């Protein structure tokens, strides 16, 4: 049986990493690092081993200052020494007039490649029992402190 | 097709966090913390950034000293600065006459809200290929050292 | 409806843990540890609380030097004080003539027991929407620095 998409959403989330000076604005913080790293600067070797916890605003467009429709919450880690690559476990907690419920994601994100797909592994509320994939792209970044991800979600199980 | 629940379980698990003095009884330990935190005390700002690993006893009722039917194993992290909220990835490893197998969970837990649902993302043994949701509530807590979660699991895929 | 497997794969992955002296060869590093631990040596109490990030080569046979067909990327943590046990969240990123796509896993791995099954929670590419289980066994290890896992994957949902 060929799979047919039953729902599509495009959302953005915005990550501002704590760097020792931006405690007020930061939405994420490094909480684990390898022996050669530290908790205020992403480490050498493509940040291999850095682990960050985040609570990032989700918006419908690419503007950090648009009204958030929810929060992206969870963690990401950098896991390759010779290129940028990450692994993410997180949930979109959506709480707006359009969407109410959660979508949980897990998977590897090979940051510098063209196709970056992670798995949708579960959901609640409007997204009860959701499954599918999310195409992730870096919509913008500023040094090591800010990045914005565009997440194009395709669900193949909807109820 | 409307979803129909095929199985329901209610279980409790008990978490005793290492605080520097309770090494014998502790069932969990902080292993990651932000730059302003440490590994024996949950940090300020609603514990934002603290990451704990746990191996907690699971019981059928709310008594810590009841005979365990398995272990809840994995990690939780606190991910909001302005309220208590966590993200969990863990597995119920069940090994009793009633249940034999595992149930794996992932998702955001907005601790202070009324409805706290995380996703059941997989299972093995008696719970092979399980999927569904788990309603989580804090059944009790004592300061930062002990909490007990009631987990009401609804599976929508059973085999 | 009884479940029927639709696909089976056996793959190996190889983990070389950073110990302070093997930066070049290491494929993983401890990035979180409990208060009594450190980032270059696995800790006492069966490594309880140690959290490692990894990017390990995947091979078709048990030879570390065989041509990799992909990378196993993610994290593992040790979560029991009185025996060896771990919890893993990771993705097989496969990129060979045989396999192209990802398989994402999550679950508890009771290292010293006979049956060690974790869940396949999602997939992309050739493994779009994969679900199933993976039987894991330690094929070899050398002290605390090297281990090789044999992963026998059974999928019950294939598209």
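Lettered A, B and C in written order, each chain numbered from 1.
By definition in this document, a residue touches a chain if its C-beta (ideal position, glycine included) is under 8 Å from a C-beta of that chain, and two chains touch if they have at least 3 such contacts.
Just so we're clear, the structure is a prediction, and the values are computed from it rather than from any experiment.
Novice: Trace the shortest sequence of touching chains from chain B to chain C and report its length in steps.
Specialist: The distance in steps between these two chains is 1.
Novice: If I list every residue number at the interface of chain A and chain C, are over half of them used by both copies, so same, or under half, so different?
Specialist: different
Novice: What's the rotation, in steps of 5°, that superposes chain A's Cα atoms on chain B?
Specialist: 120
Novice: When the centre of a chain is set as the mean of its C-alpha atoms, what distance in Å lies between chain A and chain C?
Specialist: That gives a centre separation of 22 Å.
Novice: Touching two or more other chains, which residues of chain C qualify?
Specialist: Within chain C, residues 31-32, 51, 89, 106, 121 contact more than one other chain.
Novice: For the complex, which residues does chain C have touching chain A?
Specialist: Interface residues on the chain C side: 18, 20, 29-32, 38-40, 51, 53-55, 71, 73-75, 89-91, 93, 102, 104, 106, 121-125, 128-129, 159.
Novice: Please output the residues of chain A touching chain C within their complex, sorted ascending.
Specialist: So the residues of chain A in touch with chain C come to 1-3, 31-35, 37, 48-51, 77-81, 85, 87, 89, 106-108, 110, 117-121, 131-133, 156.
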